[in-house]
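Structures follow.
One chain, subunit A, appears in both complexes that follow, with subunit B as partner in the first and subunit C in the second.
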Partner chain A sequence: MRNRLIFAGQFVFTLAVAAFLIVPAILSMVAGVTANYFRGVRSGLTLQWVMQVWELYAETIARSFAVAFVTLGVTLSVGIPAAYALHVRGGRLSRAIEEIITLPLAVPGLAIALGLLLTYGGFGDFRRSWLFIVVGHIVFTLPFMVRSVMAVFSLIDIKTLDESASSLGASPWRRFRDVIVPNAHSGILAGSLMVVTLSLGEFNLTWMLHTPLTKTLPVGLADSYASMRLEVASAYTLVFFVMIIPLLVAMQILADRDVRQGTRR
Partner chain B sequence: MNEAHGVAVHVETCGKTFADGTRALEPVTLDAARGETLVFLGPSGCGKTTILRIIAGLEQPDPGGRVLFNGADVTGVPIEQRNVGMVFQSYALFPNMNVAENIGYGMKIRGVGRAERQARVTELVRITGIEGLERRRTDQLSGGQRQRVALARAVAVQPSVLLLDEPLTALDAALRERLRWELDRLLRTLGITTIYVTHDQAEAMALGDRVVVMRKGAIAQIGTPRDIYFTPADRFVAEFVGAANLVEAPASRGTLSLPGGQLAIADVNAMGNIVAMIRPESIRVVAPGASRLSGRVERVSFVGDRQRLTVSGATQRPLLIDGSNTLAVKVGEQIGLDVEPSAVRIFPGNNT
Partner chain C sequence: MTLKAFVRLCLLPLAVIMIAFFLLPMARLVIVGGSGNSGLYAYAAILLEPRYRATLINTVLLAMTTTAATLVIATVTGLFLQRHRFPGRAVLIAMLTFPLAFPGVVVGFMIILLAGRQGLIGDITQTMFGDKLVFAYSMEGLFLGYLYFSIPRVILTIMAAVERLDPSLEEAAKVLGAGAWAIHRDVILPALGPAMVASGAIAFATAMGAFGTAFTLATNIDVLPMLIYTEFTLAANIAMAAALSIGLGLVAWAILALGRSFSGGTIAAAG
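Let's turn to the complex of A and B:
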């Protein structure tokens, strides 16, 4: 009886996932290669919409990746040392700083964007460049990096490892390079995965910060929904999936390999 | 053959008050001679680890405190420049390095060449008895092997002073005993100044040239293992180091008057109420009439190498006695008790 209930629950859950996540995604992608959406697949399959998207929005895709990887670079070089300092220091001040950098998780992206615009909107060149978007993305993604690295630190007692390396004569920089980073790489990898995917998909903050010349992929997607044929927008979704899924899979494989190593430890 | 190595350590009025106002350590002053093994012994929270960390350079003493290595003030020198070797309770081996890389890390930092490093690692794995494990990852080692790697890593850099923070506590009892002897042999061979922290009195006795007994952030007594065992400074030391009977009774003309009779003591001038300490193994069981002190056997517990008797009636509180394992006594039997006067340690009466 109980087993049946569990089975029924799992079945309903699977159906729901299929109905609300997988089916819409597939339909959308199919629509992107359908000659005429209103006549359905019978109207024939075509790559013309995809080509059109590529012509119109190729630069938003490139920009999105540029934004994501610059964001990743900055969150890595700032987030890991920050996590290290916050963890080793401890105490009330560290807690307070941790709370402050975590704030963007709770504050709506629009509000953050508005704040940035109010403060730096006057710096015209900066405002108009894609680096303005990068700043927004860093603010938004940094807590994810810091948190996931700190989680690993508390798991492996990094403080004692650090002390142990220092007793052997290692300077803070050597300790960071030889001991801290290599032993925190599972957290760093998880954080990186999160930062890249969040940055690639980020819309509401980016939408406030972008200019017509600095559209990112999701902003372009919104733009095409609003102003193009449905097939073009769908083709855009298809392009988005094709871009992001290999990336997700690659990072997942890396993370899995890491977990397997971790369990042997 | 065992030439003394390392530095003489001088700790001068080093106290430690944490940021929240907790006093972890009262200002203490003490010395460790070159080549000496100094053991800090005490219950948890007595400040023994704090003093080790101050000597290491992982904690700063409160203002006014100083740490000197061979007379040179190192108080402001960070740990990475103090040239210490440290073994942590958790060993803190680097999971990203194999055994040989762990042992060689300190030398790598110091810019020692690969060939020389390898030769030294080979020597150290031989000394510590872990040959053949050089390529293992640290998670493929047993507790005892980890302990040896940690030790080899700490001594690899020929430190000025070796600092060991409860290095055997994480191991099970049988292994702990075996490694204690190995560690003792190694420390004697190396002849390096060693600061050793433990809460295990047997470990402290076996390893220490001198033992510092600590209590509530202050030093209760410093002495050789024999000093602190036979002539403890106070009741705390007496009870913390080994088993002790503490007997409170009136004394006059070299005799203690007890409920079960009389007991001769060495100090003929002791007068009035005093506290005496008698170790269980210094009480001999004799025939009831053969001694001025007698009692009744309450409990006999046979533990293999000896028997522990609990005897009532002789003193106010039951008396613990360690007898030979062939001693034939039964519960309820009346027995005579004989103690060498020199084996009775007198504390002043108000010292409780």
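Let's turn to the complex of A and C:
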């Protein structure tokens, strides 16, 4: 009886926490398709707000994707070789480098953005282009890519693979391309999902780095929260959810698959 | 090409990017912070100037309260979810981790929908007591927002730690006659300690540096990131903004390093 009560108490508590997290998200999704939120769903469902968001902010959505994919391209081409080198080299220097590249995770985005502005703000064309935002996103997401790929290297015996390919006469570049990268695909995929998700949602850096002509989706969101009616802000948030949820689900599936493989091993 | 040369080549792009776009800007930030009208005093002003000091204390108190509340909530739910199997458990876990990728601005909007002028809490209190309760645009609202994005992260860490607990320790305690409460206090909670320190440090550092949520809720909430932003954009006091962000970065980094030295693992602060 007492155990039952404790179970029920914990269950209700957990339910309440879940409600705290999920209810506002549902409210915002409903508000985004409600004709008049003040009068409630009775006022009818409509897609007019979503259409309005599309007219007002389609450009920010496209730009966010462009930023995310250029960021992904750079983090892939810089991060995978770096992860390989750090793993193969090992030693104190590699650990120090790893420490430095993870610093952007500890330093608040506001500080990084301020530093970038103070250093490169004078280069007008660069400062005004959307590539300025990409630079911020690269610094912020690169550690995730490097760590995610390094995590795979520590699971598989990369040295033996590398050495056997080497004894067959393959050059370092061919070994990297044909042996190392294919074997690291799960870490590369996980890192890529992470980079794209983080880049699509990045605000702290982007708000400081953007110009009126280089707004991204989260910047537009902040804009709409401040100046648009609740229904439009909600519809915009709905668009963001629709973009981000498939990425989250994919990450979850990947993580579950890793866990299953882990137990099999 | 030898392997050694190839490895060096692999590190080159990383070095270029990190030096050009992180280390150089950070160094510039440190220099600018000390080159305003008041020179190096700008760094001391964070602690000596009453206005800045009050904001710093506010921010630290808020981050501490958030961390403590998150740890309690996440430990109770994490233990419960990992210890019991029941229908709907997977859905509950999915609901609890869903907000993981929400940016701070979206979290702020979630709080507005809960406790803002057209919010759910206001509606409920209006019908029940005839009085509209609105607190989204204040420190309480910000606290709720920080809870919102810390809970999912901490729950995941706690659940993973519960899974790794050694069940034989608990059985031994039970055999020795320990009650459920004693087992929790003396066996389970100490074993979860490292995970709690690690995830607590992340929650603390995130709450210190988070900007998006405060920005969405109100520009006059008195926390460090908002102060940096207003010093930079409104007051154009660039040196002070730089000094304050160096201070903020140092605190966040120190807390994370401390948490890591206790637990060994690293996870990111974001938001």
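Rule of thumb we're sticking to: the second predicted complex is superposed on the first by the 229 of 265 C-alpha atoms of A that agree within 3 Å, B and C clash if a C-alpha of one lies under 4 Å from a C-alpha of the other, contacts with A are read in each partner's own complex, and residues count from 1 in each chain.
Heads up, the rule we're going with is that contacts are C-beta pairs under 8 Å (C-beta built on N, C-alpha and C of every residue); 3 or more make two chains touch, one makes a residue touch a chain.
Note that this is a predicted model, so its numbers are computed, not measured.
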Next item on the list: Could you tell me if A:43 is touching subunit B, subunit C, both of them or neither one (first, second, both, neither)?
Entry: neither
Next item on the list: Could you tell me if A:178 is touching subunit B, subunit C, both of them or neither one (first, second, both, neither)?
Entry: first
Check: subunit B or subunit C: which reaches more residues on subunit A?
Finding: C
Item checked: First (subunit B), second (subunit C), both or neither touched by A:161 -> first
Checklist line | Touching partner for A:91 - first (subunit B), second (subunit C), both, neither | finding: first
Notebook entry, point to check: Now for A:211: first (subunit B), second (subunit C), both, or neither, which partner does it touch?
Noted result: neither
Item checked: subunit B versus subunit C as contact partner of A:247, first or second or both or neither -> second
Check: Which holds for A:100: it touches subunit B only (first), subunit C only (second), both, or neither?
Finding: second
Margin query: Just to be sure I read the superposition right, which of the two partners does A:135 touch: subunit B = first, subunit C = second, or both, or neither?
Written below: second
Item checked: Touching both subunit C and subunit B, counted on subunit A across the two superposed complexes -> 166, 171
Next item on the list: Using the touch rule from the top, collect the residues of subunit C that touch subunit A in their complex.
Entry: 1-3, 6-11, 13-14, 17-18, 21-26, 28-29, 32, 73, 76-77, 79-81, 84, 86, 92, 94-96, 98-106, 108-114, 118, 120, 147-148, 151-152, 180, 205, 208-212, 215-216, 225, 228-229, 232, 238, 241-242, 245-246, 248-249, 252-253, 256-257, 266, 268-271
Notebook entry, point to check: What residues on subunit A touch subunit C, complex-wise?
Noted result: 6-7, 10-11, 13-15, 17-18, 20-25, 27-28, 31, 37-38, 74, 77-79, 81-82, 84-86, 88-89, 97, 100-112, 114-116, 118-120, 135-136, 138-139, 142-144, 146-147, 166, 171-173, 176, 197-198, 201-204, 207-208, 218, 221-222, 225-226, 230, 233-234, 237, 240, 244, 247-248, 252
Item checked: Contact footprint of subunit B on subunit A as seen in their complex -> 91, 156-157, 160-161, 163-171, 174, 178-179, 182-183, 264-265
Check: Along subunit B, where are the residues that touch subunit A in the complex?
Finding: 19, 56, 58, 78-81, 83-86, 88, 90, 92-96, 105-106, 109-110, 137, 139, 153-154, 157, 163
